Amino acid sequence: MPYVLPVLFALVIVALLPLVAGYIVLVERKVMADMQVRLGPMRVGPHGLLQPIADAVKLLLKEDIIPESADRLVFWGAPLISVTTAMVALAALPIGPFFQIAELNIGLLFILGVSSLGIFGIVLGGWASNSHYSLLGALRSAAQLVSYETSAGMAIVGALLLAGTLSTRGIVQAQAQTEVWFIFAAPVGFFIYLVASIAETNRAPFDMPEAESELVAGYMTEYSGFRWALYFLAEYTNMIVVASIATTLFLGGWLRPFASTSYLDFLDWLPPLLMAGVAGYCFWRAPKQPVAVQKMFMAAVGLLCIVLALVLIMPMAAPRDSFLASSKAGIHGAFWFLFKVGAYIYVFMWLRFTFPRYRFDQLMRLGWQFLVPLSIVNVMGIGVGLALHRQLNWPAAPALILGIVLTLVAGAYLLATGEKHEHPRVGEEEEEETPVNA
Amino acid sequence: MVPIGHYIFLSVALLAIGIVGVVTRRNVIIILMSIELILNAVNINLVAFSRLVGSVEGQIFAIFIITDAAAEAAVGLGIIIAFFRNRETVLADEMDILKW
Amino acid sequence: MLRQYVPILIFAVLAMAFPAVTLVLFKYIRPDSRAIGAKLKPYECGIPPEGDARGRYSVRFYIVAILFVIFDVETIFLFPWAVLFSTREEGYRLTPIYGLASVFVFLGILIIGYVWLYRKGALEWV
Amino acid sequence: MAERYNFGAGAGGVNVETTVLGADEIILNMGPQHPSTHGVLRVKLRLDGEKVVGSECVIGYLHRGVEKIAEHRSYQQFAPYVDRMDYVAAVSNGLGYCETVEKLLGAEAPPRARVIRTILTELQRIASHLFWLGTHALDIGALTPLFYCLREREEILKIFEKYCGARLTTHAFRIGGLQYEAYDELEKDTERFCKDFDRRVDEYESLLTENRIWVGRTKGIGVLTADAAIAMGVTGPVLRASGVQWDIRKSMPYAAYDQYEFSIPTGKNGDTYDRYLVRLEEMRQSRKICLQAIENIPAGPILGKVGKVLKPPPGEVYHSIEAPKGELGYYIVSDGTTQPYRVRIRPPSLINLEALDQMIRGHLVADVVAVIGTLDIVLGEVDR
Amino acid sequence: MLDQVVFYFFAALAIVSAILVVTRRNAVQSAIFLVTALLATAGIFLNLNAEFLFIVQVILYAGGIMVLFIFVIMLVNLDVALHQVQFNRQWFVALIISAVLAAQVAAAIAVSRRTLYTMPAAPAESLQPNTERVAFYLFHTYVLPFEIASILLLVAMVGAVVMAKKRV
Amino acid sequence: MTNDSEEKQPPRPAEAEKPAGTPAPSASPSASGGTPSGETPGKPAAPSAPVAAAKPPAAITPPKPAAPAAPAKPPGPPPPPKEAPPKPAPLDNDLVKRYKARFGGAVVEALLDRKQAILVIAADRLLEIARYSRDEEHFDLLVDLTAVDWPKREKRFDLVLNLYSFSKNERVRLKALVAENEPVPSVESVWPTANWLEREVYDMFGIVFEGHSNLKRLLLPEEWQGHPLRKDYDILQQDEAWVRENLGIESGQ
């Protein structure tokens, strides 16, 4: 049975993902609270650590309402589509060199394709509810997803030019070979992808469809209880997916920083130290908890971290050539991958609590009039750089930097014309009458 | 191994269903959707034969067909929208004027 | 090749089954729903909705969708090009100049279209 | 940027391009149960796509008949009711009412009472503006300023609580002066708050003022020219943001405002961004007034001679103050009995809200939220 | 074995969904089933070792063109149309065409039973590595159609926008 | 300015001598009359433009810093000393003289009450006087419009308009006596803000404004019976009617 491992892994993902999403929500609330000078959830469990579980129980037991004018079947199925597509996209992601459900030749395109199907969950959910807010939210959401998918795709093409393969594992290996993460080779592409991925996951400042002050809850307005939770799960899974894509494509996947610089190998001790640090903090805080249960819980979290630290140390402490030592790449790779994904998601949160929300037309303008052309130019710039490198044997760095500079010049031009264009809205009418050069 | 004939059967079945849709439905959008079915049937054929002869050229054709389908859908639906705006209908047999 | 996809298929089934089963299962666990009357109406800020919601919305949505489809096709064509441009598979790699030229023509035509759209104001939402 | 949406108020209507299929518009209901209509305001929007071509406010969901109630209460009994109108600026409401009745009686509050009233009212103005800023930013999608604002507002509410025991509906003043003597640390508390507050306003500004998205969301949105503003009768920061430098505290000083140095900030474009800037600057000015006022609180009685039973001679009076939201006027008619014959309250929110329709035309649904927010309405006051 | 299971599953799915596409009254439901049919076709492409085409089908057809369809269906408010007659009286035409098609296929099978029906497909390895191969053909043999495709797309873009936008 | 005409409303002479700007405001309601409800507040932009043209400085210039203790305008009779209770007194200053000269008998009475000027005017010439107040006396801001019910009087309502002038920094109160069921000209064309205020007065007192673009209840639901701020209004009537209708019993109490 060659499928045992992947299937086991799939089971683990399906079982853990809701939990992970729940805890991302908790972390988000905690981060938000910290930035807003408050404490955040503190009641359920020590420091609110059991809050996601309480939320889940509440959502599962909540009254399940289907509006009478809704299309029941579609209403039922739409959240499922969202969740399934979001989850299936995870299948091709390499969480470390060994943990992957399926290694595909077209891995990256597979992720893109499957997650592009998630749009149906949103549109159909909004349509099935038969409510103004839902449908408008759904259409907006879909239009937004669709608008930024183009630029995200183009940004990915830029990185693919450097990698030369669609396989997710191959992309990371390419970064290991060239010894440079693609974020440094294609910073503009990373920026475009960052913006586009925020928009694609409907996160602030692009959270138009669920801008609660305008459309109440967008396409989810009529959903409550567990169905609503499914949409939420899909949203957070999507966040993980885009973060994973960015990690794989631009941030070196499971690679440690300076992975191939051997005199920096001491960096391998960083992960266990980090875990040990967290454990130490937990033990330090545990006696200060008010209730015995909470003390125990805190201690248990500390223990868990200790165990993780041990797992991370094990391959390094084990004798060479043993099985344990050979598992180092897998375990540490998984750590670094998840660490980078976490950092990427943290940036999402940070932006969310800092920025006001774009208006829909502004968002569309940003997407279509800035990011799309910029991403096209980015592809061309990287292409030119690579061609210079390969055909004329320029050294790689200056060639690529030239490409980046070209892209940045184009970006500056776009910004300037955008500003100029924004001013004379009235004059636009005349402009439309002029003959076009097409 | 699935014999090639089964692919052709599938293709013909989809083609037939598509044609039935095109011929019998009144809603232009559904007629367009039926055309997509027909295009799909063609694609299945192409890819099946591509596999049969061991060349990817059939797949290339299929890609071009999909491109074409995208263009066709965009323009076709554009026409439907323009028509709907003027005539408030999407029924094929009510689209009986040549100019508006 | 198909074998690589089997785990994905299983995963997909699991991913679909998990929420579906939970949905069905908890139907029997949670207290009975007694939603009646206004609770079953769609939310319209507490006012009975006026007219069917499946109404008409701005044609802009359609234009955005068209642009998306067109650009999506273009992007899809670029993916194989990007792969081929620097692939490590033997004998497939494009000559840089040739690859660049073929795609620059392609993108050039696309850019012409883009400029036309920009000038026409089709990229403006309002 | 400012000219981008020049189809706001006063521009002579909007050249509406029909972008929707077919000719008909859709009607979208915002409210009364909507997260961003600040209570139970209902706005019926006629939309063309997402562009507003017309709107109608449906109000009255919070109507409690305050003016009718007044006719059946004695003058003192009615005083707490006014706190419940603009419940985020109860102190200002109370000040207006007390001063009006004093005027009706021909009485006057002693100087000490007037200064303390000024301090508390200015603190209340800051609190009200803070609440406005937080919720307005939240409407536009910035989550964080709300909590910063509420943190400072909390300080003010603590001062109120220490002074009179209540935080929200304070009923801080009495007709003829004050009931409570200022508590010992009032000056110190106020000073501590004011010392800190300047830096805090800078903090809000650092989050919003230069922010590209914030500017994009507010500049040129809901433009109200000076003429249109006056025609629509709007007052307060909304009027000042349109470029009319008019503040009742300056033009017809009441309480102790004539003793203090402060300036009236005005805007230029009358858009949402200017209103934001004006209110921020007003908070700074209020802080300045507070600092001046605590310098020198005159000694003396806090309650003038008005008697236990108030029987104003027949006649009528209109008196208005510059409440945080605009001109808050009371028009009281007395028939010589212990109960007012008629109390008319001129609520700034109601009249400012009336300008909503012309401010949002041609804008998008999202801007409606921004404009409702920038008008700083409180439905308790709109509906009374 | 796996091949057959997958093929028959997807084939059945495709046909059932296709039938539902043309028979559902509600256009949104038709579109949903068309998506299903397209995804089933994608599965068949995968079965045929056309990996790249599989993903093109998913991204472009299911994730792109069908989104366009759904947008249009929602824009033109088909609930009104729902109460109208959905089928015209051309069943016999459809029947005739189907019958002719069936006859053709039957004839073809009858004529070349041996060669066509049972011929197994070429070994899958000849199509590997799929993406690179497809790309290679696309950018060498078919580079002209590739450029022309972009012109087609340009024309489609212009045409569709002109059609949809009232004042251009 | 010479107008000693009879009491019947003669809008003609008054309009004839007004600057060209005036017809525009009066034309505006008819333009907006055809449009559905909610449209009107958008229109006032048109009237305001000529106003601005007529007296540009008024709107923008800051008001003169007022004399500290004198919120009201008149230098007329000195306010009564503190001991004496305030009471209304007749007023006769320049402003009143101008009004009287212009409108003659239409200005029924001029009073000073608590240092505040009140002009009692004839309701049927309200629109004319309002327009004059805005255009020539520069009372640009309609601060408030309300009513008071005196059920025992022959003309039971006082319609009260509180005006403010930015350029002069003074307030004046116009008070029109209105009988029940007597329609009053709407001043919406003069001050667009009157739209809602008049609706509120209609809602609360039942005074009908002629020429109002959208006269319906503002605060109370459309189906409400009666006008609550009238002195003879009794909440129990409606309560009992509701109880009778919905519960089928005599009294809810």
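Going by the order they are written in, the chains are A, B, C, D, E and F; count residues from 1 in each one.
Simple rule for what comes next: a residue touches a chain if its C-beta (ideal position, glycine included) is under 8 Å from a C-beta of that chain, and two chains touch if they have at least 3 such contacts.
Worth saying up front: this structure is predicted, and the values here are computed from it rather than measured.
*Asks:* Just how many steps, at minimum, does a route from subunit A to subunit F need if it may pass only between touching chains?
*Replies:* Minimal hop count between subunit A and subunit F: 2.
*Asks:* If you tally contacting C-beta pairs, which pair wins, B-E or A-D?
*Replies:* B-E
*Asks:* By CA centroid distance, what chain is farthest from subunit E?
*Replies:* In terms of C-alpha centroids, the chain at the greatest distance from subunit E is F.
*Asks:* In whole angstrom, what separates the CA-based centres of subunit C and subunit E?
*Replies:* Roughly 17 Å, centre to centre.
*Asks:* Any idea how many Å lie between the Cα centroids of subunit C and subunit D?
*Replies:* Roughly 46 Å, centre to centre.
*Asks:* Could you please state the distance in Å, as a whole number, between where the Cα atoms of subunit A are centred and where those of subunit E are centred?
*Replies:* Taking the mean C-alpha position of each chain, the two centres sit 31 Å apart.
*Asks:* How far is the middle of subunit D from the middle of subunit E, if each middle is the mean of its Cα atoms, in Å?
*Replies:* Distance between chain centres: 62 Å.
*Asks:* Which positions in subunit A are in touch with at least two other chains?
*Replies:* 104-105, 109-110, 127, 132, 135-136, 139, 142, 146, 166, 216, 360-361, 432, 438
*Asks:* Quick one: which residues in subunit D touch 2 or more of the other chains?
*Replies:* Answer for subunit D, listing residues that touch two or more other chains: 19, 21-22, 26, 29, 34, 50, 364.
*Asks:* Subunit E: which residues touch two or more other chains?
*Replies:* Residues 3, 47, 49, 51-52, 56, 59-60, 63-65, 67-68, 71-72, 74-76, 78, 124, 129-131, 133-134, 138, 149, 153-154, 156-158, 160-161, 164, 166-168.
*Asks:* Can you check the complex and tell me which residues of subunit A touch subunit E?
*Replies:* Against subunit E, subunit A makes touches at 71, 74, 104-106, 109-110, 112-114, 116-117, 119-120, 123-124, 127, 135, 139, 142, 146, 166, 432, 438.
*Asks:* List the residues on subunit F that touch subunit D in their complex, please.
*Replies:* 36-39, 41-49, 51-52, 59-63, 65-66, 68, 71, 80, 82, 84-88, 113-114, 116, 118, 140-144, 146, 148-149, 160, 162, 166, 169, 171, 173, 191-193, 195-197, 204, 217-221, 228-229, 231, 233
*Asks:* In the complex, go through subunit C and note every residue touching subunit B.
*Replies:* 59, 62, 66, 69-70, 72-73, 77
*Asks:* Enumerate the contact residues on subunit E facing subunit C in the complex.
*Replies:* Interface residues on subunit E, with respect to subunit C: 2-3, 6, 46-47, 49, 51-52, 56, 59-60, 63-65, 67-68, 71-72, 74-79, 124, 128-136, 138-139, 143, 146-147, 149-151, 153-154, 156-158, 160-161, 164-166, 168.
*Asks:* Could you pull out which subunit B residues touch subunit C in their complex?
*Replies:* Its residues touching subunit C are 66-67, 70-71, 73-74, 77-78, 81, 85.
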